[in-house]
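Order as written gives the chain letters A, B and C; numbering starts at 1 within each chain.
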Amino acid sequence: MTHDILLAGFGGQGILFAGKILAYSGLMDDKEVSWLPSYGPEMRGGTCNCSVCISDDPIGSPLVVEPSILVVMNTPSLEKFKGSVKSDGFIIVDSSMVDGTVDRTDVKSFYIPATQLAQDNDLAGGANIIILGKLFRETGIVSAETFKKAVEKVVPAKKAALAANNLKALQIGINYEG
Amino acid sequence: MERNLMKGNEALAEAAIRAGCKCFFGYPITPQTEISAYLSKRFQKEGGIFLQAESEIAAINMVLGAASTGVRAMTSSSSPGISLKSEGISYIAGSDLPCVIINVQRGGPGLGGIQPSQADYWQATKALGHGDFQLLVYAPCSVQEMVDTVTKAFDLADEYRMPAMILADGLLGQMMEPVTFPEKKESFKDKPWAANGHGGKREHNIINSLYLQPDVLENSVKARFERYEDIKAKYAEAEMYLTDDADIIVTAYGATARVAKSAVNMAREQGIKAGLIRPITLWPFPVKEYQKAAETAKLFLCTEMSMGQMIDDVKLAINCSKPVEFYGRTGGVIPKPSEIFEEIKKYNGGAK
Amino acid sequence: MAVVFEKPKSMADVTMHYCPGCTHGIIHRLVCEVIDEMGIEGDTIGICPVGCSVMAYDYFNCDMIEAAHGRAPAVATGVKRTNPDKFVFTYQGDGDLAAIGTAETVHAATRGENIVVIFVNNTTYGMTGGQMAPTTLPGQVTQTTPYGRDPKLAGYPIRVCEMLATLRGTALAQRVAVNTVPRIKEAKKAIRKAFENQRDKKGFSIVEVLSTCPTNWGLSPVDALKRLEDDMIPYYPLGVYKDADAFSEKEGE
């Protein structure tokens, strides 16, 4: 089983960090994993995406060109990548940042106002983790327990307060129905 | 051992520390700057030496100075910066000094781009500076293998008193994968030739690449080439994947080999007998592995992130005894497994 | 019989390749005398340039390294950083130090790299047969300025000590000459001070030695010494341009 995941949005939305949590979640489950960021001239607010592969087998190309799961946090990324998603794949959309919907019937699309939910819950910058919660809920690629371990691994001990916020954000995403 | 996720560039840096590297001299260039950033932090705590030089030229010459005194020294850069280092690398080779140079390749020529590329193959294996000389060139294809080859590169560089290169690319440098590290190396080969102060206990040592008498210079170059023969016999390395019964041998190194392997797997699922040869050393080139495969294979397909550079060595290795076709993307474009699979299908028909 | 004059111990007992009348031999000797007097031969590593003194590694008995053209300060940096308790010096000519190696020179100085640089300025590229150097005087005829150096075409000479004295990392910038006995004695004092600065970890020390090149100047050795006095010293005044501890807090920035 292989999950080819593509996360995309603006720089500063925590796309790379969300990808890292995902990759660590795979690692915690003893899977093969890879994480590959897009990189370019250093610029705040530019477009940003991140490929994450989680698999039972050694990973070939770490560059995800046909994602089985797409997470988008801005409109340009949805327009750019929605056509590349495999049939029966997933598209998870931050509906507070993205105008429009997925016009494909062969993929499973989910919408969550992650950025709005982050603001409502005093979790500034937590939209990336909220949307991950939704991803876990709908795809079941790893358990919430594994995710929790991954957060603890990625967030340094001296920033334990951040870990708590991340877990809270995750729960919001998992609980969200829509 | 605990597996941790680490960026390729940072893993290269940590691997150097584990291999006993005592100093690093570098200059910022994308996509390898994490190596400098990591070592500037770690060497402060480790008691090693990190220095950001005024240029790539200065950095490689600082490596020459440090290596002259017998310590393990390293520099890293990306394609345009390696061109600047080529003068110093020639002097290092001519002075029989060990060191490790990392090239996290990006697209060229000129300023080119900053996305992954493999267009420096010729430079690394044939012409990294003026004069008759070679570097050991390792071409890892995963973050873990980058760690493993850094250790090998330092050890062999010391053993044969020559520079060694890790030829990576932007994809390997930027990606994260699980990785484990060896214990830190503490004991090293003696270097009685080092210019670190004779202390009144021996004749003075001279580190030098100047020989004004042609016959003396010829002898020194010949002696170096005799060592090269020894290395060729002992240290050429390649991964052979499903090659025993393969009709089509795909061959690729580094990041492209990962893509090619996926394509080979796709071909096998379709009943096409494809296999992969992945050189791990580019110099010495794993000639025997290719020759063995050529006994049964019908066709070779060389894939690179370039316009076709390694393909020359593949043809030479098998003495052009089988057709060698090429598929490449360049300028920073990473080929997709499906593209290479299409090529395999094309030649599978053609090979019948 | 009492010995009143002998070769310094740290100077190799070989015939040098320099032209008759060249002052490199004097400067080599001064460096060796200082090394002997300080008793540091076993702890010293010298870096040679490309130029007339390219083979100086055969003339010093301490450990020696031959650098690429202009790169000696970078090589010295690599040596000194990994061997902070050893003495490291470079021996460079004007083309090496002030043309192709300008960046290495300036940055070693501004880092306060704790090394000694012996800079031999003879206003010409000697080894390649007398072409224009960065220090060639206006009007000076060389192989590549056959009508005399015209600043409108070839720019102006660089005054190295004056330039490096502006840098915080420079501990000593002093210009000396070796055309008379008193000046030779003064030059030795400057070289000694540079090595003592290194011992005391004061920073980058450069001693610029005005030198002659009778062969490429087309002068007899004696006339060459006179040219140094009459033409070079007015353009390159002797003296101490900087003398400080580069890392003292007084100058704090």
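The criterion applied here is as follows: a contact is a pair of C-beta atoms (placed from the backbone, for glycine too) under 8 Å apart; a residue touches a chain by one contact, two chains touch by 3 or more.
Just so it is clear, the structure is predicted and the values come from calculations on it, not from any experiment.
Shared contact partners of chain A and chain B are absent; no chain touches both. Core chain by CA centroid proximity to the global CA centroid: B. Taking the CA centroid of chain C as reference, the farthest chain centroid is that of A. Between chain A and chain B, the centres computed from C-alpha atoms are 34 Å apart. Put simply, the C-alpha centre of chain B and that of chain C have 39 angstrom between them.
Centre to centre, using the average C-alpha position, chain A and chain C are separated by 62 Å. Chain C has no residue in contact with two or more other chains.
Residues of chain B in contact with at least two other chains: none.
Interface residues of chain A facing chain B in the complex, by the touch rule stated above, are 20, 23-24, 27, 32-37, 39-41, 59-63, 65. Note for the complex: chain C touches chain B at residues 41-45, 47, 54-55, 57-58, 60-68, 71, 74-83, 86, 103-104, 106-107.
Looking at the complex, you find that chain B touches chain C at residues 22-23, 25, 49, 51, 53-55, 57-59, 61-69, 71, 73, 87-88, 91, 95, 195-201, 204-210.
In the complex of the two chains, the chain B residues touching chain A come out as 3, 5, 30-31, 114, 170-171, 174-178, 255, 258-259, 261-262, 265, 334, 336-337.
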